[in-house]
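Below: a set of structures, written as structure tokens.
First chain A sits with chain B, and in the next complex the same chain sits with chain C.
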Partner chain A sequence: MNIQDNYIKNKKNIFFSENKDIQTHREKLINIFDNDRLDKKNNESLKNINLKNFIDFKYKYLISEETSVINNNQENSYSIVSVNGQCSSFKDDKIEITKILDEDYNDFSKNDTIENDDHFVNLNSLFLNSGFKIVIKKNNNIKIKISNIITDDDLTIFQKNNYICEEGSSLNLIEEYENKNNSTSNILNVIKLEKDSQLNHFLIQDNSPNHNLIITSHSSCKKDSTYTQKVYNFSEGYVRNFHYSELLEANSEADLQGIFFLKDNNLSNNKTFVKHLAEDCKSNQVYKGILNDSSKATYFSNTHVDQVAQKTEGYQLSKGILLSDNSSYFSKPELKIYADDVKCSHGSTIGPIDENAIFYLRSRGMSKTAATKILISSFINEELNSIDNEQMSEIIQKKLVRYLSKVK
Partner chain B sequence: MNSETLNTLNSYSKNKYKYGFVTEIDDEKPRKGLNEDTIKFISQKKNEPQWMLDWRLKAYSKWKKMKEPKWANLSFPEIDYQDIYYYSAPKGFEKKPKDLSEVDPKLIETYNKLGIPLEEQKVLAGVAVDVVFDSVSVATTYKGELEKLGIIFCSIGEAIQKHPDLIKKYLGSVIPPGDHSFSALNSAVFTDGSFVYIPEGVKCPMELSTYFRINAENTGQFERTLIIADKGSYVSYLEGCTAPKRDDNQLHAANVELIALEDAEIKYSTVQNWYPGDEDGKGGIYNFVTKRGLCAGKNSKISWTQVETGSAITWKYPSCILKGDNSIGEFYSVAITNNFQQADTGTKMTHIGKNTKSKIISKGISLGKSQNTYRGEVSFLRKANKARNYTQCDSLLVGNQCGAHTVPYIDSKNNTAVIEHEASTSKINEDQLYYCRQRGLSHEEAVSLIVNGFCKQVLQELPMEFAVEAQKLVSISLEGSVG
Partner chain C sequence: MFLEIKDLSVKIENKNILKSLNLNINKGEVHAIMGPNGSGKSTLANVLAGKEDYEILNGRINFKDNDLFDLNIEERAQEGMFLAFQYPVEIPGVNITPFLHSAINSKRKRMNEEEIDNLSFAKLLKSKASDLGINIDMLKRSVNTGFSGGEKKRYEILQMSILNPDLAILDETDSGLDIDALKIVTDGVNKLKTNDNSFLIITHYQKLLDYIKPDYVHVMVNGSIVKSGGSEIAAEIEKDGFQKFQ
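Then we have the complex of A and B:
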């Protein structure tokens, strides 16, 4: 079914389809897809992907009978179970959870950091059918854990979440995506950090082979705020991690990190984009990947430094290990710099596991498999050690062991 | 081309009978615009055989269906292909300065700084020289020596007449005419260029350069160069010249193909310093060049070295296809942009064979309001076992209105291949500047010294005589923009 038919047919359960402004915006988006001009060849967001599978899809969404649960078990600590992208409302003196509103949609549709030809974001804007908004109130220090659950097979979830950290607040956010059914989740996180706020964002992705997860985030940082994101991708299905960050005011910081572990025929597309729009800002983009069997991965990173953004420090690093003959890795670390007093660098390496290191370990009596496993663990050791949450660290170690058990 | 020139040219063509040079010049009259007749005219002018004309026409029909590549980080007005002369005007038609006193004094000043001999200055500035001057005789002596070794070094037009077998076999084998729109355009309308063939086992004893070739100064705007190094041979080729060339052409779309067979080595050096446009960004040359080398045989090597300081727009990616096992590709580049210049340059290394190695060193310096982009692709195909790449690209920014960009594409499909890429961007180190100033250098001298040091890794790859001039050129390019 083509996009337009799909949209018209399911209009009634798509958010904001009565709003005129949004309606006009969506018509424009439909036009993009409708045109034969759809340039697939030079569109980096589509590399290795068969877009047809995502355009000609069967729309299915239901609001589950199971309701979402919000627990405030400890002081300042909340755990949320979101079902099919929905979350019930909640309010206390520290946080507020509501459904997303038209204004959140309109506000975002004017954003120009995400390219017009990012078709997955366009699809999300078109078919939006779930999502919530979390506000962390001034000067609070909060921990939130969100488990995303999908109840049925073949669901197409188009979710948009808004996170707002008010002045002086601090949020520790853990998001879990562990789904075993054949669904597609297209999630857009819009994150706003006010003055002096801080957000540590962890994303643990571990889906079954038939679950597609497309996750895009857009964070914007005001003065003295810090956004840290860590993505751990153990999924066996397709995962797309595209993360955009804007440093709007002086002395803000963005740190985007990711590790992905791929095997079989799996594909993972990754992108990080940091836009420096003010002076004295720092950014860091580090992605590491391990590719086994016939897996494929792409990583695009982009540091954009505006003319006013003097004294910028921007670093990028991408590392890939290919374990098998059939795996492939594509990386494009891009720098676009318009200011002169900056320190920016990037590094990128792709290769096998160091033979000398294997030789060293084998000469000390280890089997080749054991040596390989040790070297893979050491490759990502730095990232694992930097996790200060013990519970998180344990979860990730377990998943790592599971991945390594398949390595020969 | 501005409207005034157009009007003048129109009036020339309208009034051709009045001046009475119909009979002699009728055929010589350059025709504007691109169509099959233009191509037939060029082919006929060059006295080409039918197969060559067919080849050109085939490329033209491909070009008609193609669009210009748009991915480069460049902005320029659309090129009107019908507003260009595809066969350079014969002498006497174009106004040429009679002697050096008529040439722009700024140009002369630069020549003197570079230490270029007076006779060469005249050629470069386009003065009509009637006297047989030194380099022609030099050229003939060299030609004799090269012939003894069996080396063929002539214009591509001559090679089409005399060595059709080689041309048929190799022309378009590395850059197919249908590769992209500029290569198709060049294939359809190329007028001049060099042809080099080094026979088996011969090490060319001297650096070959367009300088030595007669008529070098008339190298057309659509240049086509083909260099073939047979088994076990070696050649070093120098292209262009270090001095700014007086040139009225707006569009240059050259194609350069290199083929290295087993154990052969080709070293190709370029110093490009065409007219970059004035301080306000008016005028200047659009330089769209396709350069590609094929390491066809085992143990072959191709090395590109380029110093790019001129042209309003540079669109240039000298590439290597490493097909033979153990072959090596190298790319060394310095690109300096000033005022409103835009450069989008880099390389493409495609590793196909086993144990292939490539090395990329790129230095970009942006000043004024210019934009400088490094764009490079390194790809390891499935069978490129144990392939190795090292890439380093550094950018230096002088002033806060320019931009420096790095866009590397890295693709690995082989798990034994190793690829390393690093890049950095920064401004000139204040401490270094302070140190130099303290020792009595002016601000400008200090910057020039530091920039030269920044580029040293690349400049030292240039052949001796080129390196000295290139160093001076770097200093000249920085002038007026520092402090």
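Then we have the complex of A and C:
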């Protein structure tokens, strides 16, 4: 089925399909797909993935209305179970949760500064069928844990979530993706940090082989705000992590980090993109991967420094350990710098585990397997030690032990 | 015989390094091997420890009644062989204390001995570190990471004293050490010396042998031992160099 037919067939269930403005926008998007103008050679969202598999939905589209569970058992701490991409409305004096609205859609799709060449984001806009909006009110310090659950088998979810951290607020957000059923989730998180706000965002991904997760985020930071994102991908199914950040005003920071643990024939595509649009801003992009068996990964890191963004500090680092001859990791760092007073760097190191280190450890009596495991753990030691949340740290350690149990 | 090397020939990347080498070491003996650069001294140390880059062309090695080639790297260590590396490997992120604790317990397990618990190990480590003038703070760091040359060698000797091997091979442990560090390191070795363990000391210079008295000195040239004798050989080398043996 081509995309036009698919769109017409599902139109009545697509969010905001009655909205003329949104309809017009979507028709433009369909044209991009229909006119065979997709630049498969250069477009990073099309590399190493067959888009056709995601245009012809493998699974059903209509999702049933579900009620999510929101708990506020501890002060300033919320626990949410989002079911099939949906979240019930909730409001108190610190946060407000609503369904996603037309205006949220337009706010994102009509923003000229946002890159529009990510075709999975375009698909998300075209077929949107779920999503919510969370606002952290001014000067509040909040913790939220969201478990993203898919209850229906054979489901295709196109979900758009908006997070707004109002001035002076601070949010610690843990998102868990642990799905075991046949399904595809295409999720876009649009994150806005107002002046002086802070968001520490953890994403734990641990899906079974039959679940595809395409997760994209667009964060934007105003004056003195900081966005930190840490992705831990233990999934056995396909995961795409594409995360874009814009530093809109002075003294803002974006820190995008990820670790992925791959095995079997799994594939993971990763990208981080930071746009420096104001002076005195900092960014950090660090992805590390451990690849076993015949697994494959890609990582594109991009720093764009606008000519007004003087005194920028922007760092990129990509590291990978290949545990087998059949595994591969392609990494491409990119810097575009139009300002003259900046500190920027990039680095990429990919290779097998250090044989000299293995020999050293074995010469002290450790088995080869134990030595390999200890070296893998040491490779991500810095990232593991920097987790300051005890519960999170325990979760990650357990998943790491499970991954290592399969390493020989 | 404690260690018996018979007619050993070894090559790496089509280059013959060891050529029909013979060496016997009995329990309680200290042997020194001296030789010019490229004579194969470190290759011998690595082959004994089990490094897999080398191709054994001929010969056999017996260690404590085992055919050494039947044992892999860790089994040799667990059987009581220890190599103090010429260039200890930096391993960022692997903390010294749990690493050494795991190492000692893997050996005890093979020997059917009870594993040493955390507290007892911490005490043992602290006391051995103190003997070697190693700051306790150093034990909180990653293996060899950011250590000076002298610190790395001292740390090798600390590992040796914790693991208490039957045969310790010291591969140019004196290189890169100042005189004070050399004294500390050699004191550590001398304290460890008993009638039940043996040492194979590889060095270029006689200096080290002023502090550790060898029972036998061997001269190694071009992959073979060309002369064996007592300490007088070391003095001879110090005076005339290796030229006359080549």
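Simple rule for what comes next: the second predicted complex is superposed on the first by the 396 of 408 C-alpha atoms of A that agree within 3 Å, B and C clash if a C-alpha of one lies under 4 Å from a C-alpha of the other, contacts with A are read in each partner's own complex, and residues count from 1 in each chain.
To be clear about the criterion, a residue touches a chain if its C-beta (ideal position, glycine included) is under 8 Å from a C-beta of that chain, and two chains touch if they have at least 3 such contacts.
Values in this document were obtained by computation on a predicted structure and should not be read as measured data.
On the shared subunit chain A, the superposed partners chain B and chain C are arranged side by side without overlap. Vectors from the Cα centre of chain A to those of chain B and chain C enclose 70° in the overlay, to the nearest 10. Contacts of A:Gly258 after superposition on the shared chain: neither chain B nor chain C is touched.
Of the two partner chains, neither chain B nor chain C is touched by A:Gly131. Applying the stated contact rule after C-alpha superposition, one finds that A:Gly347 touches chain B and leaves chain C untouched. By the document's definition of touching, of the two partners only chain C reaches A:Gly365; chain B does not. When the two complexes are overlaid, the chain among chain B and chain C that reaches more residues of chain A is B. When both complexes are overlaid on chain A, the residue A:Gly289 reaches neither chain B nor chain C. Shared-chain residue A:Gly85: touches no atom of chain B or chain C. By the touch criterion defined above, A:Asn356 lies against chain C but remains apart from chain B after alignment on the C-alpha atoms of chain A.
In this overlay, which is a superposition and not a single complex, chain B and chain C have their closest Cα atoms 12 Å apart. Shared interface residues of chain A (contacting chain B in one complex, chain C in the other): none.
Touching chain B in their complex are the following residues of chain A: 42, 307, 310, 320, 322-325, 327-352. Remark: chain A residues 354, 356-357, 359-368, 370, 374-375, 377-382 touch chain C in the complex. Across the complex, chain C meets chain A through its residues 49-52, 72-74, 76-78, 82-83, 85, 88-89, 91-94, 99-100, 102-104, 106-107, 110, 142-143, 159, 163. Remark: chain B residues 71, 382, 395, 397-427 touch chain A in the complex.
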